[in-house]
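In the two complexes that follow, chain A is the common piece, with chain B as its partner first and chain C second.
Take a look at the complex of A and B:
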């Protein structure tokens, strides 16, 4: 092991978690430990933690996430038993020592070949028209904020998006940072009741607010130790039952668990900016976004 | 002149050596895709959006230029007297019309 690798081994291991049914609270508490760091994107991670049995509907998504972890990388599977922290640290030490990196699962080819038609092989005229790599360019559409027509970007986010409950797939249409349409394509995976624990809900919100240290302390049962936390949450954000996201964060930090009617995301989220919407979703207990809740 | 030649030659050589020494960035097709937590996009992410601070920046630049004109004006103010005061008053009045226009257009309504 080189000096550089030894130095790297002293830093917390960056882990991206793909969480299946039943293991969300265990994984969140695991990645709050000091020796591990929860990576916000696969690009930041060295290890992919696959927790629980991933349902078939998410298998393709898992492959896509796996291939986005840069080399050298390793996948560690966990069924909820055994010393997973040891296994993760061992895998990282092996990678740093020159261990073999996991190969791609998906073919190294764009979804469709490049087909440009302009002078320089671009898609079409300017930004309009054409389907480079089989994927169209964004086109303008009606605006819900101030009437200025801007490009609409539609994408499915999830099931392993770290800001959403595991399993939840949202088809989101964005104009800039404003959400103009939302459709729930798949509900969140079923999780044990502990996933709704107030400290875990608070930790998720703190992580989205850019305070991973405070989030780890809260998930480990401590205090956040950050001043003016509540004012970081915009007032009046997605009120459910007369309480907005700021009230919910205050309640969670005070250790009060919350009972919430399953929200209608397609009606609640449009008009919000992306960051606000994700913060509001994180303030809801994940059980309110699971199967029975959304079916009801 | 000699220094310039040496510096430019050195820069070119250093860039060439760095490009040879560093490993090639090997980004595969799956890694070039945007990260959506396993999801897929419908369109490319190259989209036009409203850069909202833009209009506010224009107002800022206008008033910064006004300050620039005020320095030479302050130098001749004593010798010119009330005439200079009247001229600067007209200039500021015209500028503040722009301010009112920006206000009407909602430039200062920060979201």
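Take a look at the complex of A and C:
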């Protein structure tokens, strides 16, 4: 092992978690431990933690996330039993010692053939629009706030996007970072009641407020020890039952669990900026975004 | 001879300061630390589809270059800076403004949605966040009646600017947080956009960008020490040692501050910057001007 690898081995192991049904709370508490680091993106990780049985509908997405983790990389599966922290640290040590890296699972090729139209085989109209290589390109449309013609860009986010509850797949149309339209393509995976625990909801919000350290402290049962928590949340953000996101954060920090009617995301999120929308989603108990809830 | 020594001091301060910043980051702000930089360095590179490869490679280099250029105008001993420019604070001001461009290019170049959102967000907030800092720089030049940092240090022989200009250091701290992508001013790399401008980055490129962020922390804190804490002025110990001590103290304070203040969504912060911070910086200029008279 080189000097650099020995030094690297003393760093917390960067883990990106692809979470299946049932294991969200366990993984959130696991990644708050000091020996592990929650990677903000698969690109930051060395280990892909696959927790629980990933349903077939998310198998393709899991392969894509896997291939985004840079070499040398390793997948560690967890069914919720055993000493997973040990397994992750062992896998990390093995990789740094020159252990074999997992190969790509998907071909390094566009997901669909080129389907540009335009005069020169470009996108749709003029230089814009169309779905070349299966990806919708930006196209101008009326801004929903002031009617200006601005670029609209459609993308699918989920099911393993770190800012959304595991399993939730949203097709969002954005203008800049303002959400113009939302379609819920798949609901969040079912999780045990502990996923709605106030400390975990608060920790998710704190992470989005740029306070990962405070989030880990809260998930471990401590105080956030940070300033401006409530004032950072815009007032009146996604009120449900007369309580907005700020009220929900205050309630969670005070340890009160919440009962919430499943929200209609397609109606609530448009008009919000992405950061506000993610903060609002994180303020809701995940059970309100799961299968039965959204089907109701 | 003395010029070569000063350049050496700049290089050594930047290198040692970056390592110290990484260590402090892990201790005080839950950051990755030196070991994580090494781990990132060892990871393989990644490539997005149709990236702007030139700017992708250049962004960390520009960031580091801006940190180094900014540190060059800082006096390491009374009367001596590597670049003793009569417009030293204007050079630093340019480094601040160009940082916005560099961070934007960093988010632009991978050709991916989340980094691009981070880039635009940072430009929208970073730019107005630099405005108060420019007024702070002007105010610091008032008692010295000069834009030279050597003169600004000399003007603090009687009383440090932190006492004469009480709003200066807090306003400049906001600029430092913004320049170094930290805490409440880190609009480039939010968790809601999966790490924003760094969301599509791994391997040496990620390690270099993180190191450049820490290097900018060293330069910005050295500048804060120069503008408000008398820079190399102090009894007994030689000038450079005082500068290093004050810079290290500022770095620790900024890191601790950044890890303990919540970051509102961008629109809310934008309102705060234009309606609170900017008028405060006008008030600061007024107070400093009246005191300087």
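Going forward, the second predicted complex is superposed on the first by the 272 of 296 C-alpha atoms of A that agree within 3 Å, B and C clash if a C-alpha of one lies under 4 Å from a C-alpha of the other, contacts with A are read in each partner's own complex, and residues count from 1 in each chain.
We adopt the following convention: contacts are C-beta pairs under 8 Å (C-beta built on N, C-alpha and C of every residue); 3 or more make two chains touch, one makes a residue touch a chain.
Remember, it's a predicted structure, so these values are computed and weren't measured experimentally.
Legend: residue contacts after superposition of the two complexes on their common chain; A:213 is shown touching chain C, with no touch to chain B. When both complexes are overlaid on chain A, the residue A:7 reaches chain C alone and has no touch with chain B. Once the two complexes are overlaid on the shared chain, A:176 sits against chain B and chain C alike. Of the two partner chains placed by the overlay, only chain B lies in contact with A:109; chain C stays clear of it.
By the touch criterion defined above, A:43 reaches both chain B and chain C. Once the two complexes are overlaid on the shared chain, A:68 sits against chain B and chain C alike.
Of the two partner chains placed around the shared chain by superposition, chain B and chain C are both touched by A:155. Contact with neither chain B nor chain C is seen for A:90 once the two complexes are overlaid on the shared chain. Once chain A of one complex is fitted onto chain A of the other, the partner contacts of A:229 are limited to chain C, with no touch recorded for chain B. On chain A, the surface touched by chain B in one complex and the surface touched by chain C in the other have residues 41, 43, 68, 70, 110, 153, 155, 161-162, 176-177 in common.
Of all residues in chain C, those touching chain A in their complex are 29-30, 32-36, 38-46, 49, 113-114, 117, 120-121, 183-184, 186, 189-195, 198-203, 206, 259-268. Remark: chain B residues 28-50, 106 touch chain A in the complex.
Of all residues in chain A, those touching chain C in their complex are 4-5, 7-12, 14, 37, 40-41, 43-44, 46, 68, 70-72, 96, 101, 110, 153, 155, 161-163, 174, 176-177, 206-214, 216, 225-229, 231-234, 273-276, 278-279. Residue ranges on chain A touching chain B, taken from their complex, read 18, 41-43, 58, 60-62, 64-65, 67-68, 70, 104, 106-110, 127, 132, 135-140, 146, 148, 150-162, 164, 169, 175-177.
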